[in-house]
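What follows is chain A paired twice: with chain B in the first complex and chain C in the second.
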Partner chain A sequence: MSSSTPIRYSKSDYIETDTGNKVAKSCHIKGPSNIVLGGKTIIQPGVMIRGDLRRAGGSGPAVVIAVGKYCVMGENSVIRPPCKTYKGVFSYYPMKIGDYVSIGSNSIVEAASIGNGVEIGKNCIIGPLTIIKDNARIADNSIVGPGTIIPSLGEWGGSPARPTVTLPESTPELIEAKAKAYYARFQPE
Partner chain B sequence: MANSTASSSQVLVHCPCLNALSISRPPPSEPPLSTYKHHDLSSLLFCEECDAIRCDTCVSCEIACFYCPNCLFEVPSASVRGEKNRCARNCFQCPQCTHTLSVVASDPDPSTPLSSAAASAGQPPYYLSCSYCRWDSKEVGIVFEKPTGLALQLQKSEEAAPEIVEFDHVKDHLEPFLRRGQAHAPHATTSAATSAASASLSSSSFLKDMPGLGQRYGSLFGLSSRARGGEAQGARDELEKYEALFPAGGLAASAKGKEKGKDVDLDAEHVRAMREMREMEDVASLDKRWTSSWKQPLLANDLKPLRTPLQAKRSKRCPECKHILIKPEQKASSIRFKIKLVASNYLPSIELYRRPPATIGSRLSAIAAGTASGMRRTPRTAIGRSMNDAGGVEEEPLRPGRTYTFELSFTNPLYEPISVRTQVARPIAQGGVEGAPAPFAVSSPTMSFPISAYAEEWEYEDDDDGGRDGGEDDDLEGGDGSASPFKKKRGSKYGAGIVERKMNRTTVALEVAVGRDTVGPIRANMLVTFVYQSEDSAAPPSPTKSPVKGGGHKDDQKSFSFWTLLPLGTVTPRAEPRRSMAVSSSSG
Partner chain C sequence: MATIKDAFSIGSKCTIVHDADLRGDITIGSGSVLHPRCSIVAYSGPIVIGSNCIIEETVIIVNRTKGVMRIGDNNHFQVGCRIESPQIGHSNIFNPRCRTSPLITIGDHCSIGAGCIVLPNPFPPPFSAPPPGEEEEKEGATPMQEEPAAAAAEEGDEADRDPSSPRPPSLPPKDPPLSTPAPLPAPTTMHIPSHSTLFLSSTASSPSDIRTRVWSGEGSGQGKAFHLKHLEYLREMVPRGNKLRMFV
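For the complex of A and B:
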């Protein structure tokens, strides 16, 4: 398909919010009051988002998962806040996802922070408390070990993921344009 | 690319790499020759001064800053060498799997209640542990008293290691020789200034770092420093005999021997270990031995944790005029650039898309969907397909002897309208056989069309929008892919061959007839020439001068030409006479 061809979806399968988020009805969103979507983010069918896994000891609303704008969560991916035991207390830690982030289908993400314009491939496992900097890319079928720090504009792949190449300088603009174009193409029937 | 689907692909752009561009002779279109010169537009740079495309292989690079990829600490270049290009803080890599090691404490007394803070905090000694493969540094006897300043704690044991002492000894031995070479190095650089290639080489930090290289191997690089030198050169070449501190081969053995106070035969030890060996993994693999340490242990359980190697941000210069094309910000985590001249801001981006032939299935569904609806093509079964998923859709291969219609979408990044002329080169026969029939033929090799200027989305007028849908309906009725787009009235709105003009994007159709005997991937060379108004000869983003003049233009019109490579697809002869999806998807 050419890049301007619309990708059609059935209107009854998705909920569209005021800020333009399109969330598939068949995805599993736990603790929705703890999840913030930045707008124009697409959540595909079967995605699991665990907003209920919150910091230990708190009460009332808290931001557990913050997602930026123009993000895409691929089918059946799992977004789960990372956890660890610190000074005898087991706790979950909030996860922040930047703008223009795409997460491939069937990937499991437990990162602490994902920068802007990050592309995560299909079937990846992003270990707990990983930090992915802006415009990094994770190749398909990669396993990023716990606590890895991935610098900006780096492409990582393999198991455990290691740096492969440095992405070209024009990547930020490219990713932003692609994310916006994808949202524009994603239209109801 | 994650959100472009299988049947649409970016056209690759050719970088002439300092050679003059030839309009009449297309660059090689078949790999391996084509792979090194054709790049995605997004990875190319553009030099405004030379008005030319530059790629990663022809620019000259300089290191802008060093940083540790793990702690993102910027290492001052003065200390990089002393720290042997590795992070001198708390970053270590697992010798087995290269994952970053984390510092963990030993388990506390089992009597401590599990819910207490002490139970999770642990107690000294601390050690390094890999959370990926479960390796830990206790295996090689490395433990720490406190969890901070690990590199400093390790340094003491590192400095005493025989291999480090030996290396420093070699460095000390070579230092005076190198210094002598450095004193005479300017000769080489000045005499080499004539040729551009050797000048860039001699001015590069490569030769500065290795001063003797210019004199000794200068002739290999085209440097002519032969004339000078004379006696001095002979003296400089002389290097005293080196005497090792430790005997060759017995490095580890002598160290071990010293420790234990007796001579231990390392070979005998290895033989004994190998006799008891049950698994291949017990032997350290070659890459681990070569990259992972100064000492090269044979056994996997001798491998030591590694300090994380530093990475560098590079600034890039034009090889011709030395102007900076890329200058990154010093901060390690920043993705901003002080200077960034990328080709995608200067050249139109081109996207290639093969129009699917209308199969029986799609005709039926088109009828079902109704002609007036927006369903112009085979409806996608997976509604709301993920943008990452789309790459998995198998493209139907091309068939010999058939004609296909491709659409080329040009997008103009410039703030002024441009007029484009494309010219598809005559394809050469496969395998370079003279007189053989061409693998494919393009119906209208030359096309000219305009593209509007780039502007923000709301600045475009609405009336362009309906253009495509009007034309598409009769495309459906027209049926199979062999119908010519030029015979229809569709082009009439914009001109011959133009499918659509929308904002700063113009789409044209290209008809390709695949030869009867063609097999394998086919690629077409296409020359793209675009003409634009330059209102001010010095104003960016208009390139100032042009190496290739589009003949017969006024003075204020500038033109630029570049070669592109269209990956048309792979031709696979039909395995069975009957067409079925199973056959078409099974071939690559």
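For the complex of A and C:
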């Protein structure tokens, strides 16, 4: 398959914003005013994003989920912020997702922060309050326990997720190119 | 196929988001919170859920048996679970995407790990070899199909149907071999005792290959307090971001 083959989608299935974000209409996005998409991000059908679980005790606008640019959220994944009790106060904490992140289909992501260039596989479960540093990779079907910190350029897999290989140093450039190419190929019919 | 008749009995102070899918004879205790896109389907028999339960998004609680499915108080069903157990106790935590078979009953204070498929036998029984006297017909007999682990939640139903069609004890050699499989051992319900922690080992061969540990109960006070605070938060914040479904 040539890397410039377009991936066609039906124009009526997606909403395109000014900044080039393409959000499927069948997504379940709760609290859309609390969600920031960086631009040229693709959110595939059936994704559920919980922007309504905001920080306790705050009023006024808050960013619950901040997503970077050129990200892809796979079909039917669930993106929700993590929660914990800190100094006796229970709250949900904002979730930050970096640029060029791709989240595989059917994954459940409750991470506290995801760096740039992270690839999360299909059917993964990312536990609450995990921190995934830049350019890491989570293999398909892995279950990352709560509070895990996944270092840069590491590929983790299995359940509970454990480090498997170290990714090559060219990974940041490769992932950035891949994400931009994917967005360029994602064209309406 | 009979249509499901809805009969809801929802307790006070329940927070149920409008796109929660409730079907059938359902009773929900007071103070419970149902997140968007959860499904509670009392397909054949009623479902009774206790008070102060948290049911997160894309959870499926389904009762396909004729009996009552009883779920206790203070349970936390996290994202993506599929629950078919007829009897669940109090204060359990069901981690994301776990599945419990209809042949499993669960005690109190258990923690079912993420991605676990809880079956009465971790490995469903393979087909049984026919008795030695009928070796000649063996090549035509259909062996019992082994269920893949992913369809294991259906295993309880399959096992229910098969014992009712056993092979006759003696077979004249001239008859064509029967296609009904040999009878499975009768399915037994397994009980997960209280304070169990079920988790997938790192060398698990399949999601139903589960290890168990017994929790000492240490930290249960904090767990209880955490659950109460979580509920308080949800009761305050969920109505702000979501339209609620009102029950008279």
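Rule of thumb we're sticking to: the second predicted complex is superposed on the first by the 189 of 189 C-alpha atoms of A that agree within 3 Å, B and C clash if a C-alpha of one lies under 4 Å from a C-alpha of the other, contacts with A are read in each partner's own complex, and residues count from 1 in each chain.
One rule holds for everything that comes next: contacts are C-beta pairs under 8 Å (C-beta built on N, C-alpha and C of every residue); 3 or more make two chains touch, one makes a residue touch a chain.
Keep in mind it's a predicted model, so treat the numbers as computed, not measured.
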Per the contact definition in the header, classify A:134: touching chain B only (first), chain C only (second), both, or neither.
first
Just checking: does A:92 make contact with chain B only, chain C only, both, or neither of them? Give me first, second, both or neither.
second
Touch test for A:171: chain B only (first), chain C only (second), both, or neither?
first
Touch test for A:74: chain B only (first), chain C only (second), both, or neither?
first
Just chain B (first), just chain C (second), both, or neither: which does A:58 touch?
neither
Return first, second, both or neither, reflecting whether A:7 touches chain B, chain C, both chains, or no partner chain.
first
By the touch definition at the top of the document, which applies to A:28: first (chain B), second (chain C), both, or neither?
second
If touched residues of chain A are counted for chain B and for chain C, the larger one
B
Where on chain A do the contacts with chain B and the contacts with chain C coincide?
85, 127, 160, 162
Chain C-facing residues of chain A, complex
28, 30-31, 34, 48, 50-54, 56, 78, 80, 83, 85, 90-92, 108, 110, 125, 127, 143, 158-160, 162
Which residues of chain C touch chain A in the complex?
19, 36-37, 57-58, 79-80, 96-97, 114-115, 200, 202, 204, 225-226, 229-230, 232-233, 236-238, 240-242
Counting only contacts in the complex, chain B reaches chain A at residues 1-5, 7-8, 40, 42-43, 45, 56, 67, 69-72, 97-100, 102, 115-121, 130-133, 311, 326, 328, 332-335, 337, 340, 342, 344, 351, 353, 374-375, 377, 379-380, 383-389, 407, 409, 502, 505, 507
Please output the residues of chain A touching chain B within their complex, sorted ascending.
1-10, 13-14, 24, 42, 44-45, 72, 74-75, 85-89, 102-105, 119, 121-122, 127, 133-135, 145-149, 151-154, 160, 162-163, 168-174, 178-179, 181-182, 186, 189
